Every structure is written in C-alpha cells, then in structure tokens.
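Heads up: the structure comes next, in structure tokens.
Chain nomenclature is as follows: A, B, C, D, E and F, assigned in order of appearance, with residue numbering initiated at 1 for each chain independently.
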C-alpha cells in the first residue's frame, strides 16, 4: 500500500528560544504542509509515501525537496518550476502566551501558480493505492484547485482510496465563489473514503447552526456513501484533547482525554491524521486506532516542527507507560 | 503626548538554554532599565517616547543606543560620555528553580559617574509632556541622584506630569544617609501624579509596621495631593498575580487573579506600568486600565528580555481569548 | 542636510558558517536594500536620514522597520500595508567559491504592489534636502516605477538634490518596454545631481559598444547638465578595486588600487556610494572623497551584512594605518 | 576529608531546543558518569575530590579531562590510554514526552578495556579518605569489574570509608554470570558504609518478591554490619519525589514530597547522593541531610547537564524560600 | 545507469567557529564515508545512487540514514543492526593551522562487526550497473573485508563495472596479514574498471621505491587488463592542486593547476572522484572530465562537510568564470 | 618546577561570525589575562602552574575560576572578594579589517581594588619556583602595583626565578607619576631573570630615541645583571613575524620569518612567551627555543581565544611539516 499526498509545501521560519521576530537575528528553517506532515508520520512507520507538489526551481526549492526526502518521503513527483515558495513565520508561544503565525504571499508560489502536467498527475496517481488531499487547496488558487479536482477524478476512476482533510475555512475563501466551493466539496466527498474534520466544518459546509454535532455527522455519512470513517479531535478546557471516530455503519469510538503540554502546537492535527491512517492500513481495531492517533497528537505538541517525528514504537511505549521520564 | 524617561541602561548577559554561567561559552546580549522598559511598552503602541541617559562613548555604548532605538525609543537625548556601563548576569530559572541575578560594579557607569549638562536636561524636559523617573536612581550615585532631583524640579516648574516608580529598597541604600533619602522622596512625591509601588514600599518609607495596607495607601494619597493614582501588583500563592489601583478620590479597582507561567521573570513590573500609563494616556476606564496592565504583566513573564515586546493588539486578543493556542 | 532614500527593503536569509541552504537548519536574518544601505552608511556619521518605502503590515514588516531603525534611519515614512516582503537567500562563498544569491518572488511585495499615497510622498520629499533613488525600481513593478518618477518630479520642482544609482540591468527588464525604460532614464537623468554607475551601464543605456569608456562618460555629462559627479568603482584582476569620479567640469580622480579580502560581498557598492555622499556633504576634496569611499568599500567586503556598519573614525584610522591588526 | 570516585566517564551528546537527533545539525557536548556527577556536587561545596578513571589518549579524552577539571574535580588520577570513550545521546523530552537515551558501544571504551596499573589504584586510594564506587562497573567489563573489586579491597584494608551505589540492573548483566555478580555484591556490601539504592534493587539482589520494602531494608542492614546508612528516593504519582534514609540503628527519616518540574532528568539521583554525602561529611542531622539532598535532587531536574551545578548556598536559599522567582 | 557504493558511514563531530574540542560545548553533526561522499556528488547530478552499508538499529543509526537520504542517496540497502557507529572528531584548521582528525573506536561499529546477509548483497549488486568500493574496508575488520570481496565477486560475475578507490594505507593495516592484503588487492584489481589512487599507493602496493611514477602506473595498467582509467590528483607547493588521468591505451591528460583556498579539507578527493565518474557516465572527453573533476575538488575545499554539495551547473559556471564573486 | 603567575583576569566578550557588537544578540564568553595565558601555554605541556589573582565573589567570579581551571591552571590561590571583573569586548577583524578592542571600567575590578592578604602572597610565592609578572599591573591601580612589588620582593628574597613582561605603555599611565613608574621598573628589573619586551619598550623606559635597537638591548643587559634572557618578536611587512632572543653573554638568535594568517590576533605574544619559558624549563637550545616559540605564536593567530590552546606535540608536528593540511 503506497500513499500519495498532493499539496503545497511552505517554508517555515521560527525565531529561536521563544523570541519574537524583532528580537532575533537567527531563524530556524523547516518546511511544512498538511500532506507532507501526514506522509512524515507514515513513512517513519515503513509506509511507502510520495508527495506530488510544485516547488521552485532554485536552491530554496531544492532545500525543500531535501527536507521532504529527510522525512522519508519519495520526491520523484516533485516538480521544480517557478521561483517562489509560500512562507510563514511562527513565533512560538510559551505557557499562557499563544504562538503567532504570520503568512507572507502565497499566491505566487510555484504550487499555486505553475501548472503540473496532466501526465505527471496521472502517473503519480496510477502508481499509488491511496491519495491524500486537503480542502484548503481548493481556495488557495485556481491552479491548485484544478490540480486537486483532477487528481480526485483520476483516483476515483482508477479505484484508489481517497483521504480528504475537510478543512473548510470560509474566512480564507473571500475570493472564491461560495457555490463553486460547495460544489467542489460535493464532488470530492462523493469520492472520499476517509474524511478528517469537525462538526464545525460540517456546520459551515451545510450552512446551518441548528443541528447537533451528532446529526451533522450522521447527515454527512448518509449523504456520501463512499465515506467509511469521519474522524477528528475535540479540545476541552484546561488543555484537554480527545480523538473520536464515526463509521458509516454507526460505530463511534472516543479516546480518553489527554491533558496536553505545548512546545510546538502546529501540525498536531496532522499527527492525529497520520495515526488514524496507520491504524487503517494496519487493520487495528477502531479503539486502538483512535487511542494511538490521540497519543500521537498529544506527543506532537511536545516536539519541534510541524511534521510528526516520533515513530510507532515510541508512541506505543508512551501509551503503556505515560508516567515515564526517560526511555532507555 | 510625548513621554520622557530618565534612568540608567544596563547591559544584561544571559546564558542560553537555561544554563548557569559556568556551563556556557555563549551569552545572550541585551540592554535594560526601568525607564527603557516602560518606554518600550509605550512606543510599540504609537506613543512618542525618548530616553534621557548617559552611555559610554564607545562601541558598547553605541550598541546600547542601537538597542534603545530598536525598541522604538528616540535616542536624541542619550549622552555618550565615559567608558563604562553597569552590567548584570541573568541565569534564567526553570520550573521550581528561581532565576539568579548577579550585578557587576555599577558605580563607575557613565550614568552614575558622568554629569549630564543642565541645558540638556532642561531641553529634554521641555520637549516632553510626561516625565518618568525611578526612585532607585536616588541611591545609585550622587550624580544620578542630582539628575533625578533636577529633572523633577524642572518638570514640576514647567507643569509636566511626573510618573514615579517608588522602588524604595533600603538594602540598596547602605551608603546613603537615610534622612536624606526620605527627604528626597518627600520632594518627589509632592510633585508626582502617577506613583507605582506597593504597601511594603510605603511601610519602609513611613518606617512603620503597624498600619494596614489600606491605611498606608490612604495616608500616601492624603499626604501628597498631586498624586492621582497609586497602583501596583500583588502576588498570591501558586503563582497568582493581580493588579490594583487606588485614586486620590478613593476609587479602588482590582484585576482578576492570573495564574502566571514563567519564562523570563525580569521586567514584568515594568510591563504592568507601561500598561497603566497607556490606559492613562488613552483615557480608558480604571477597570479596563488595570485589567489590560495585568494581562501585559502576565504575558511579559512568557517573553524573552526585560522590555515589553507585545503590542496592544496582541494583549487585547489575549484578554478576549485566553485559551487560544495559536493566533493566526 | 537631511537625506531621504526611496526604495525597496528585502529580507535577506543567510545560512551560517558558509553552509549551503540544504546543509543548515538555521538562517541569519537581516534586511537590505540599496537605499537602506546607503542611509546606514550616512546615519552612523551623524547625517539625518529617512527611508520612504512600503513594508507589510504584520510582524515581519515590523521587524524590517525595527531593523531600519537599528541602522539609525528614521522610519516615519515607512508605510505598513499589504502582507508580503521580497526575499532573497545568500549562500556566502569562501575563498575560490563565489557567493550565490537566490531571489524569491518580488512582484507581490508591499513595495511593488501597494501604492503609497501621494501626500505622503510629497511630505517626505518636502522635508528633506537630498533624495536618493535607484534605477532598479523602474523595472520591478509599475507601482514602484510610478513612485520613483513621482518622487523625482516633486524633488526637482522643490529644488532638492537628486542622487541616482544608475543600475541599468537589461536582463531584469524582460517585461518592461525598452523605450519606456529609456525615456524614464532620460527623465531622471535630466534632474539628477550625483550619479553612480559604470561605463558598462552607459553602453547599455546608449545601446552602443563602439565608444570608449571616457567617451561614454563625457557624453553623459554633456547630455545631462544637472549632473555634477559621475562616479563608481572598477574591479581589476587579483581582487583589485579602485574608485573613480568624473565631474561635469572635466576633473577626474582615481583612488589607489586596493587588494580586497572577501567575507560578505553584497552591499560593497552601497558602501562606496555612502562614502562619496559623505564627502559631498562634508565638502571634502575630490581625492579625499574617492579615497575614503574606496576604503569604505574595501572594508565593507570584510563585514557581515549588506549595510555599511563601520563609521568614519574606523575607516579613517584604517586609511592611515592599513597594516594594523588591532585597534584599541 | 578527601573523596575519591572510581568510575567511567561517558560523552553525552544532546540535540538542542528539545529536537530529536534527526532534526538537528548541532549537538551539545558534555561528559558524565555517576562518580563524576557526585564529585561535582561535592567539589562546589569545598570538598576536595578526585576521579580515578581511564580516558582516551587523544583530544577527546583530553576534553573529557578538561570537563572534569571544570567541575572542580582533581584529574591527577585520570589515566590517558586507549582511544575510545563510551558515548550516549540524550534527546531531551518536554512536558508529556519522556527523554530518550541511546547508548553507543561502551565495551571498547578506555575505561572498560584498558587496565589501570595497580600502583596507581593503590596510591589513589591511599591518598583519600572516602571512596565512591558504583555497582554498574561490575557488569560493564572484566577490566572495570577488576578495578572496582581491587579498589574496594585496598580501601577496606586501609580503613577508608566506602560509598556504594547499588544500581543492580539485571537487564544489563546478560553477559555476566549471575552467581558471580551476587558474590561480587556480597564482597562489596561487607565493606561499604554508605549505600544508595532502592527496595527494588534489594528485591533483585535477594531474588525475592515476597518481602516488604521495610523487611528488605532491615535484612540488608542486618546482613551487612558495616553499612551505616541505606538511602534513596521514592517517586510518587504526579511527579512527586521524596528522599528517605534508614540507619543501622533503626532510625528512619523521610523528606517532604516535592512536586518536581523537569528540564533535564538525567543525573538527579546523583544530585541526591551528593547531598547525602555532604550532610554526612558536615555532620548534619539525618532530617537536615535528607531534606537538603531531596531539594538538591528536585533542583537538579531543572538544570542542564547530568552533573549537579548548584551549590549549598543556592539550595539552602531555595529550601527556605521555595516560592521565590528571582534570587538577587 | 545506477551506482551502488558499499562502504562504512561514520559520524563526524566538528567544533564550531574553528575552535578546538576543549573550547566548545557544541558540535556540528554530520555523517561521512568515501562511498557516501561519492554518491552525494553523483546524486545531485541526477544519477541514481544507493548505499549498501550497516548502521546501528537505534536513533543514531536512523539519523545517519536520514542524512544519507538528504544527500539524495537511496537507503533501501541500509541494514539497521548492532548499536555502534564509528566516530571521528574534526577540529577544522585555519590559515597556517592544519585540521586535526581524531578517531574513536571503529571496530565495534555495525559496519565492521555485523554481517550483512548474502542475499541482500546479491540483490543490491544485481540491481545496479556500477559498484564502488574502497580498499580501506579490507583492513577495518574481517566482516568488512568479507563484504567487499563478496561484492566484487558478485559484481564481476554479473558483468557490472567496478570502481575501486585504492587507498592503500599500510599504517592502518597493523593487524592485517600483509600477504593477505596484497592478495586481496590482486583479486580486486583484476576485476576493476576505474581505479582512483596515486603513484605512492602503487609504490606501497608493489613494495618498491625505485620505480618512477610513470613506470608504476604503466605497470599497473599492464598487470591488470580490466582497468580502463587510473586517475588521481597531485598537490604542489603553495596549495597547488591538479588532476590527472591515464587510460589503458596510454592516453594521459592533466588539468591546469588550481591554487586552492581551504575551509574544510576533508572529502575533497571524493569530490574529485565523483567528478571523474560523472564524466565517465556522461561520456565527456578525457580533458573535460579531468578539468571538471579538478574544479569540483577545488571547490570542495571551500564548502562545509565531507560530502560534495555543489552541482554540475555551479561547477561549470565556476569553470567558465573563475573570478566571479557572486552568482545571481 | 612550578610556575606562579600573578595578574588580572578579565572577561572577554566576542561577537560571533565576525560581526560588530551592534549586529549581534549573542556573545562568546571567555576570560583572559597575560599571566593566565602564559600558564595555559605551560600547563598543557605538563608544567605545574598556579594563578594568584583576585576575582569577584559571585557567579561571574566563579565562572572565571572555572575557566582558569579548564585551562589546567591551579586555582588554589584565587581570592574571591569584591563584586566586579574588568571586561573587554573584542570585535574580531577579517582580512583587511583589523580587530577592535573596547575596554569597560577596570579600576573597580576585584583585582584592582581588593587587597590580597600578605600571608596569601607569601605562601603562594613560597610554594613555587618561578614567578611571572607583568608591568601593566604597576599602572592599573595602587592595589595591583602594591601586589606586584610585594611579590617581587618576596620572590627575590626566597631565591625564585622571576619572569617579567616589560609592557611599558606610557599611554596607560596617565594617572601614574612617571618617576615612580620608572623606579618601580628599576626595582623589578634588578630582580628579574627572563624579560619579555621590545626595543621600543626600552626606548620608552630610557626616554631616548637616539639609540639603536642593539644598543638599547645591550644597555639593558648591562644595567641589570640578573637578566639572563631578553626576548620578543618583530613584525615585518606583509604579515611577517619572527622571534629573537639575546642573552646576557651576548648570544643572539633569530627565528625564520613566518607569514602569518590571522583568525584571532589577541594573545599571540603570550603564546610566544609561553614557548620561550617552556624551552627554558626543558633546557632546549636557544635556537630550538626561539623557533618553537615563534611557531607557537604563528599558530596562536589561527586559534580562537587569547589563551594558547595547542600543545607541544601539535606545534612540533607543525614545525616539521608546515605544509600539512590535515593531522590524523
């Protein structure tokens, strides 16, 4: 089972030692993206993964490719074209202080502005079993929207499994026609098998605020017959976190609530997603799957960088021994 | 409204990664001082500010001036003379371990040993509306005492508002005649409009331990008719912090108690003070002012460096959304 | 005499320790631009300077403003609008290995895409005596071209001195109509008093390769009567560098040849320019001016960052004592 | 009273900023070992200490000696021979995430493979009053086992006090004959005066799981008449820590429970041990001794590195003022 | 054409800022090995490469694999087994001061002590066209010797091209029977097609000091009929470097002499070798090949790390423009 | 033979990466002093050394002691008293750019202001064979002058060898009575055995500029009968350096001229001195001694920090193989 993710890779610049940008003359450099993060979580557990994306044809783009390769992800399908990469700054918070994210221009990025040739998309989809996409690409540019829709079309035709990160953020979509976005989502949901999201996403999607969370999820699973699992996490007060998963035959499992500790908040949802996908690939029980994914998300708050960096053996050791201070 | 602070700037040297001095071969370099810190908190909210101080006439003094400028503070009134700057080391604590501050010689600093020409003091005071001074300068040297007293004399004559940081530390005053110090304080308090301090300061000042906190504050406001506000913070057990403010017409407001998280403890009182002064300048309600200043102080525990670095928009976003983990 | 520069500020990201991008996980952060660099060289010698530019209205833009202020340049005329800043990576060379510069997208930058209000341009020009502009802004975007032309128009009307950095790079101008560019240059040259450039620039400008260097310069000075000085540097083999200057009454001075040593090559031309402008402002002799500027350029090869960081006293000490290993 | 420790020094390599190894291109370098750590805790309180060990005869071995000297420990008895040093990586945890220790080959280290000449052992033991050894050396190699046993033999003959760190880890002893290990422990326990350990150690040693903790300790103190004190720490849930000590005349003292905060977990047991030994040398009461040692251990969780770095005055100030945020 | 290298990967630890080990508390971490370095030089020019090696089955071994992958080398044939990796320290020289290399124990490394299964060797050799080995593995351990000989046997049987790095260092071979080493070399030379070495290697190999360099090379090419090219570099005084190559039909080409500048001396021979192999694969002329490889070696002295990091386009740009200070 | 140096230890703060102070927010921390540097050069060659000095009684003073110990120097005679340490900044030059040293106030340092008890001076002198002092201490303060003169008195009485670093800098002596300084020098020179200096020192001392260098040296050796050797270095153009030594029986040796390469210029004279003293202690020939010391000085230009860090074996390897690029 080989997994292909299709999505943008951005450059992340982080001041060291919890400083704000104006306090520092050095930055930590890494690269990030929902697809990349999920593949990172899978590849370190011996799942074969590839990323289909566009990156600049210069030394920065090559560094992003090197970073992708470092994470264990195959870069055969990375297209080097154009000269720009989307960039964001992360000022890491501490204790009571939240982290702050600042985006620079993203529209001009290679991913958002340079078309990836269709034969490349087709070949990439063809040579994998599972395709991961993220709803955010529908809004970032016409080029990225077209890429995602074409990939879904091809994947569904060829009988691939499709994993969809719902990520319905109306605020980002100011320049997108709302009806078109809705119809794009319809198109994708009709072809998706694993969907990551929240009841809030569904409320935005269905443009309603009168339905309960349960009813929203039930409606989704009724409306879209291909969906096997709808899953996500809930944050509760005092930094509580738990995972949940609902299947298309009505099963619902919930993890214990974790009291999280935050070093680097970004990418923890992607750690959860990669945990769920790992359980799906391995055929673990639903409860095992959700518990593992929630542990993965808990620990991802404590590691540097957006991409999951701990492997299955570490996470499982933590599951069975959550009070340990040292693993030897 | 332009604010002038008069006070010493010291060099702060901090081992990285929570190390003790003997464990490191690198140090983080910054500059600090009560006046500078308060101006930093104001300048990033579009208040025009200047610092009147003495700094060495060499590359270290110039670096201190550059640092001051970085914080948005006008350095037109910085006098480069002499060759020394007061220095302190800060070994940052972690969790149960407190931070440790070590001062090197301060008496020989340019600020403490080189006289600033009177016409410079006069011109600086003249061109601002509000003057901030700190009681500590009364004890650090004769030169610094003379500067402060002269500035207060001039400011009062010219009808400026005077902000006074009480900071009555008898332990520092071993070489100062106690009666003189008392009379210096009398002189200043008779001319001050905003006073920052604590009941403990007042007990030392009045050399009493039989009065309640309320009575001490009432006495102060009765004795010194110019004082409009007396304000400060209280620390409660389990790292609790709250701000309070009493006016000369008997109003008293108190903020909610914040449970603080500590990254860098130094300068948090200055963050509180700059929050209060901002409220004063903006004409916020007393409650808004104290609540904002207490949030500013809470967050200042979580940022690196002595000088407030977060602006009003960040602090207000935190006030309305204290559970957020990421600001985007 | 107050100097205003108008130009773009870019973010510079530099791998440490002479590494290539893919070898590092940290970057050195600074900001740079021809105008900013020249002002940095002037401000540290007590010339009053301001920068008129556009920077993003976010924490990155503010950090760029802080950096500008650090260099001693007034930021009153910085407009915070838009959300993007042009970015370039600098992989510093070593010995035989040249440095490598990689640009990310620049068109979307605040400077290139957001219009600065005319009243702001007018007020900025009005309140300075000398205006510095760079030809490169004519090609980077329509917005930047319009800004430069309008500033020149206003400055000339108001009788300001105009300093023009020729910088005619046809390779950058692929999307610019060539005739228009030529006519823009005509417009500016007719109003400029100090021009920095090279005979090669002139050959491109006049689209000729049959004229000698001397003839080209003579033609320029004949064609444009406002030009007082045309000046630049020549690189000779074995890392030789010398400055030269021709006046509109036919004087020509040349500096001795310096054998340069390279730590950070970028910005050395700007160091030369700020040395020339300083001599102009101070009324030094032509020879003194060119010798000083050439020393400034020589030393700028040995300091980190694009912006000149050494002051007049250091440079003059070096001029009189070029073999010294330590200044105490 | 001079204290000699005999034991291995290993090289510790730690990724910065809580990163995992694969995320970093820099490492923090230090050196560590039970004996070295305990001596570090003593030397900074004016106890004369020396380390008897083997280190490589190259620049790495010399750096380890320099590090030892930095900690205030005499290196006269360090033998430079062989070319290898045992190495371990420490990936520091954060919050919920435990630290992870990875050992590289240790058998080939100078300490484990190169014989220290007998006359050197004899002279080292002769010139000290107290000898500290650790049970772990019995299992790391034949060479290290022989060294420890010979040192105990000599020390007992010469009437020195022997301090023994029990550290009975059957998992490490796969290649050691179990009966021999037991008889080695017998030999040492018959000659030891202070023993550090836990009831679990005793259960392994006596190969029983039916005795209570009290009974195990009583049995130890009955079986081995030289033992004056048996002492250690207990961890309770929610990161609780307390120290306890039992004497050979039946006294038992326990410290209050500390709620610890973790920055660097390694070496905290050694900080406890050095606190106990300091109390022993100073003749403090049992309760004072255990309380001090527990504070030392608590604070050791908050400092970087394995070796105790805080001195008596810091620890005592903390004991009397545990809520302080800054020591000035 | 796919290239497989078989060889050890070591951990390289480098003090920063040209410091000696005892002066630093941080180290730069990288990984290195002749085979790895050569593949790095090839992979960045779009040659498919893989490394067959043994690395520890722990987080350090995984970090080495990640590093290998970063360089663009396929890690499918990396065997994670054992727990040790050979380590060396590099104290980088500066100017007159040479660099200093210190090796820790290497015999216990996974590569030297753990046997790679024969079917893995066979499959690796089978799936590549060219096999690179280094003579040093014949002496490091019996396990590594056996691996190399078996790989050569298989490669020759299957008609693969064999590239051999002569590297005959008698000083390393104290524990190896000299006759056996000679016969091992015979075995390999009879099967090799490209050989990297020096006349000095040949003099050691033939145990003669009476033959000229030319005669030694001629003898080698006469004795071993499979060898197509014998090639290497010569260092001349004043830091001169030139490459040369002799073919089995008597052609001899030499590059111009480069005057090198040294930042990091290690691995420059491997940069030369990868340049030669690239020319071989691309079918460049002999002169082009040697000139390119010599430029690659020249530039490798100026980049950080043992593994070639510059690609063909950079090197060729340098060849045609050796005086450039900046590439844009 | 045990060597005692008496002198001040200062804190050195160095911006990283060749930056100027205002460009950095981190500093490299080390400690330095002529006496300390010379002992560092001796201790790494197995000479027993101690430093008699005063350092602050706080964490900075302790860090200076730790640094001293790191260099292999016994700190038994370090007196912790007072609270200040002299400080200097070093902005490292590069290529054509000289380094720049900036001193902060030194008069208030523990060494210059706190009296070391006479019994401590006496015991320190008593327990060593050779005493090193530096003329600079005669001018830094009355306290330091008194310490040096008393130490010379005691050392001469007890028949110790005295080494004197002439270092006659009239510019530093503005506040010292010139006649007194001259008489202090007389007192010391009458009791010194090895003197380091230059003809220029002698010209200042004798207040003449009409004598040749040879005549000055001859006069010195005639005037002061105890002096065995007078020695120093000469700098020639193009960064040339050579050592020379004249004995009291008229022998004169000179080293070859070295063409130096500069990384960190400070302390190279101290490296020369420690080389000479090593030759003196070892009984090397004059030529060997001067050649070794000159190599030590040459290499000291290439290492970080003021204190010699290379040992005899490294320096001798360099002497016999000056073209080597790597020592293995």
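Heads up, the rule we're going with is that a contact is a pair of C-beta atoms (placed from the backbone, for glycine too) under 8 Å apart; a residue touches a chain by one contact, two chains touch by 3 or more.
Per UniProt, the chains are A, B, C, D, E, F = Carbohydrate kinase PfkB domain-containing protein.
Note that this is a predicted model, so its numbers are computed, not measured.
Counted as hops between touching chains, the shortest connection from subunit A to subunit E is 1. Annotation of subunit B and subunit D: jointly contacted by A, C, E, F, touch as defined at the top. For A-E, the matching interface among the pairs B-D, B-C or C-D, defined by over half of the contact pairs being the same residue numbers, is B-C.
Of all residue numbers used at the contact between subunit D and subunit E, over half are used by both chains, marking a mostly same-residue interface. One copy, subunit B, sits rotated relative to the other, subunit C; on C-alpha atoms the angle is 180 degrees to the nearest 5. Rounded to whole angstrom units, the spacing between the C-alpha centres of subunit A and subunit F is 62. Mean C-alpha position of subunit C lies 46 Å from that of subunit F.
Contact with two or more other chains is made by residues 16-17, 20, 22-25, 28, 66, 70, 100, 103, 262 of subunit D.
Residue ranges of subunit B in contact with subunit E, taken from their complex: 23-25. Contact residues of subunit E toward subunit F in the complex are 17-20, 22-23, 93-101, 103, 237, 262, 265-266.
Across the interface of their complex, subunit A is touched by residues 16-17, 28, 70, 258, 260-263, 298-299, 301-305, 309-310, 314, 318, 322-328 of subunit B.
Residues 13, 16, 20-22, 24-30, 56, 58-60, 62-63, 66, 83-85, 87, 89, 91, 100, 102-105, 107-109 of subunit E touch subunit D in their complex.
Taken in their complex, subunit E has these residues touching subunit A: 66, 69-70, 72.
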